[in-house]
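Just below sit the structures, each encoded as structure tokens.
What follows is subunit A paired twice: with subunit B in the first complex and subunit C in the second.
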Partner chain A sequence: MYNFVEQGGVNDSGIEEDPEKYQKFMERIEAGKLIEADDWMPEEYRKTLIKLISMHGISEVMGALPEKEWTPKAPTLKRKLGIMAKVQDEMGHGQLLLRVTEDLLKPYGKTRENLMEDLLNGDLKFHNVFHMKTKTWADAGLIGWLVDGAAIISQTNMLDASYGPYQRALHRICAEEVFHAQHGEAIIMALAEGTEEQREILQDSVNRWWPSLLMFFGPGSASTTGSSKQEITMKYRIRKSSNEELRQAFLDKYLPRVFSLNLTVPDDTLHYDEQEKKWIYQQPDWNEFKQIISNKGPMSKERLRLRQIAYENNRWVIEALSKEHSFS
Partner chain B sequence: MGAKESKTSHFYQEYEVFSKKTEKGSMQHQFSLLAPNHEMALSMAQENFMRREDVADIWVVKRENIYGLTSEERQLLTQRLENKDYRTTKGYGYLRSKWREKQQGMLDEKEIMSWKEVKK
Partner chain C sequence: MTHFENAEQAKRDPLYKEALTELLYQFADDDFILAFRGSEWLGLAPHIEEDVAFSSITQNTMGHATFFYQLLEELGEGDADVLAHERGPESRKSAVYLEKENGDGHYLDEPFYDWALTVVRHYFYEEFKQVKLELATRSSYQPLADAAQKVLMEQPYHLAHWKMWVKQLLAAGGEAEERLRARMVEAWGEFKDVLELGPKAKQMADAHLIAGEDVIETQWVERVETTVGKISKQQLGKKQGSGRSGEHTGELTIALKTLSEVYDTDRTAIW
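And then the complex of A and B:
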């Protein structure tokens, strides 16, 4: 997922490093070959992957936090089991992706611990949707249905990614996302076919999450927020489509379903332009987006605090297991 | 930023995880993980990669104990001799029509692999 904005671009296109190796590298990825962790790669490619995958991985972990809040509040035992399984998957996805990042970080001598520090000091960003509050049980369903739906659109677009370890991780992740999507749909369906009050909390949830869902795919172009990595990730065959193309694919797939449940979205201007073959919609506030991903969103600080508490409270496990304390 | 030496710097080791789905299956590489020791690695492997799938066996191997091809050596594998017909049944396919002329069937892979049982 995880199109992000960053301050200033990376200027290490690999061409200056070694033109011959660079050309061979480009020929390989253009022929659909995969790059492995120990293969030569341009610095720009490595840095782009690190940014993308560390953000993806840490967002999986940060995304589990608002969802786990719903485990005790889930209405039935079956729903508790379902959402627990999903939270566990998200942590598992985080583990996979952090592992991929760690191997990429090796030449810089950085480890998982450094990634956690980067997260806590704000250098490593996590996805805009996970900075937001959840209010009702409908939000738990909506996250599974539409937030994971948006994630599925972004992630399936990278199933042919040129970097082998990321591609393999994504294949595992997307297979599990199918369960997440249906888990979310099941919650939504029950509410949509439920009482007046249930329908109201569902509509309220769609209304509150709508701007975040549009923001999810990132700005249409760098001019909106300063800079964007979408061209670089496409050049290196990491993903295939632009932010806007992905957003349109999301609207194509999900809006008919939203409407089929007699739900509306909070945008009077929204319509499908038959000639241009695309959805016309009200742009979300991209300045707000920038604020949110700079850890100034409604729940940014609390979620980071939770992560910090987990990190500090569980440190004793590491100490207990570490060799220095072992008597064996 | 250089790696900061700390308690956890040497705590985690890299493990590669292999598993098979059924008794008859072959071990397949799944992914890697970080763990402080073999026991934790085995338990993490189940948590990380086998939450749903059937699993018949799991191995964890310290990455440093795996000796494999280098990036350059892997590239050379793509330059191997392409025509190996002499080594595969594909190179002997003409026998099918020869046997047909003699009103006999071809003893191909499907046929031979079906000879598990013979008449008592």
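And then the complex of A and C:
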């Protein structure tokens, strides 16, 4: 799964810190060299990475929850095994990315526990799609097909990211995401070629998820929601393309596939502008988007509650482990 | 000792097939229900590393259930998905202890699950499964012997994982040890059902499908007590009844309803 770039608020440009080091740093990343965890980096770069990767990591963890709703209910043994493998991968991605974040947090004396606290108190956001309700088995397929499909587009955009640990994690994650998209596509194909009721739940799923999929890549510019960090991430060669370019790539790839299954999307204005070479679509409600990622989405509270229970209900286990560890 | 190389040979001997299918249902149904209980934990484990490990074990366990249902399919019992999703609680051969809910709440709503129950249950079960599979590698039914051999490639990792948890939480002392000891005593009063082979135990032994249940129990007790010490002065019990004889609680009924929810919306559709 993944992250758009939305939050602003990082003002440490790094130039003031140490102009000489900053210049060498910029020369390194412009020459395509990788920055490693122990290398000098400007505060702005570190904070941008922390925000980006912690959100990505925690979105992987929270992203397992909507699919978990359907894991035991998957309608065949094969589908049960498929979705079990997928949610396990998502948790693994979360673990990998939180480890990358933990290294970046070291100079601030912060740990993963702080990240979990940030999540529960609303300071660490998770991706808009994972605040949404699931209603039918078709949603489990659609998440794999289109949400993971969108994630692949976002993440491959950063496979050359200047931060080495993130880049390496992304290479592994993207390889697995391809399987997730194929898993989702297989579910979708079975429904699309299935009974009338199966086709109905599929179309209903596309209709309900469409605005969230458009929101997936984040606002087109800072003026849409009041803040955007996409320019900073591009300056530091963490990502290559803008939110809108990624959204257009998604529409280019998936709309023909959606239409080839005789499915529709809930947007009468949608068309391809041959002159501008881009899709014209009805903008999703970006105010609603802001509400969703502020933990006011349809399932925000319920999903956060699950993490809160996991955190508090197992406290005795964590205490026991640290005690046991201190004896050894 | 008669040796059966494949399903076709086994099907020609009705008594042999009857004992064999009974044993295979136990293998399949045990793994199926425990994989379900595991899947309910996703996202709720004590830490993310455990979520990754536990969900991997759960996925393997569901894979083993699938494997055993497929062996039943080969014997003419019906499609593996039908066997997994359509059989009612009364025809399930899984042990009652394995269907016990993970704790309070529902997996989607206020799931106050008990990690001590899960650690004890999985450790006890994996020790049992290891013993049963080792014995099954010498089965007179070659496809079962082969299946056991294959599952045993993954099984030691599962066992090592839960054994590590048991040892760590016991070594921590205090609340963790108390919680674990209490769950072990509880399990002691219920686990005999898991170790038993049910009403056709003698037929299974006579057909050399697997060693007797006394062998399973002796080996299991020895292995478990080597790790955790003496658990109870009482005899092993089966307070919740005999799942091997089709006795089950309402907790299995609810679990099966969830497992079949989508499947039941259209049993003939291709999913």
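One rule holds for everything that comes next: the second predicted complex is superposed on the first by the 315 of 328 C-alpha atoms of A that agree within 3 Å, B and C clash if a C-alpha of one lies under 4 Å from a C-alpha of the other, contacts with A are read in each partner's own complex, and residues count from 1 in each chain.
In this text, a contact is a pair of C-beta atoms (placed from the backbone, for glycine too) under 8 Å apart; a residue touches a chain by one contact, two chains touch by 3 or more.
Note that the structure is a prediction, hence the values are computed from the model and not measured.
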{"item": "Partner chain(s) touched by A:Gln198 [first = subunit B, second = subunit C, both, neither]", "value": "second"}
{"item": "Partner chain in contact with A:Ala85 - subunit B first, subunit C second, else both or neither", "value": "both"}
{"item": "Partner with the higher number of touched subunit A residues, subunit C or subunit B", "value": "C"}
{"item": "Contacts of A:Trp40 with subunit B and subunit C, given as first, second, both or neither", "value": "first"}
{"item": "Partner chain in contact with A:Arg172 - subunit B first, subunit C second, else both or neither", "value": "first"}
{"item": "Partner chain(s) touched by A:Gln95 [first = subunit B, second = subunit C, both, neither]", "value": "both"}
{"item": "Subunit B versus subunit C as contact partner of A:Leu321, first or second or both or neither", "value": "both"}
{"item": "Partner chain(s) touched by A:Ala31 [first = subunit B, second = subunit C, both, neither]", "value": "neither"}
{"item": "On subunit A, the residue positions that both subunit B and subunit C contact, one per complex", "value": "85, 88, 92, 95, 318-319, 321, 323-324"}
{"item": "Touching residues (chain side subunit A, partner subunit C) in the complex", "value": "61, 64-65, 68-81, 84-85, 87-88, 91-92, 94-95, 98, 137, 187, 190, 193-195, 197-198, 302, 305-307, 309-310, 313-314, 316-321, 323-324, 327"}
{"item": "Complex interface listing, subunit A residues touching subunit B", "value": "36, 38-40, 85, 88-89, 92, 95-96, 99, 102-103, 108-114, 168-169, 172, 176, 318-319, 321-324"}
{"item": "Contacting residues of subunit B [partner subunit A, same complex]", "value": "1-4, 6-12, 31-34, 36-37, 40, 44, 47-49, 51-52, 70-71, 74"}
{"item": "Subunit A partner contacts - residues on subunit C that touch it in the complex", "value": "35-36, 39-40, 42-49, 51-52, 55-56, 58-59, 62-63, 65-66, 69, 80-81, 84-85, 107-113, 115, 168-169, 171-176, 179, 258-259, 261-263, 265-266, 269-271"}
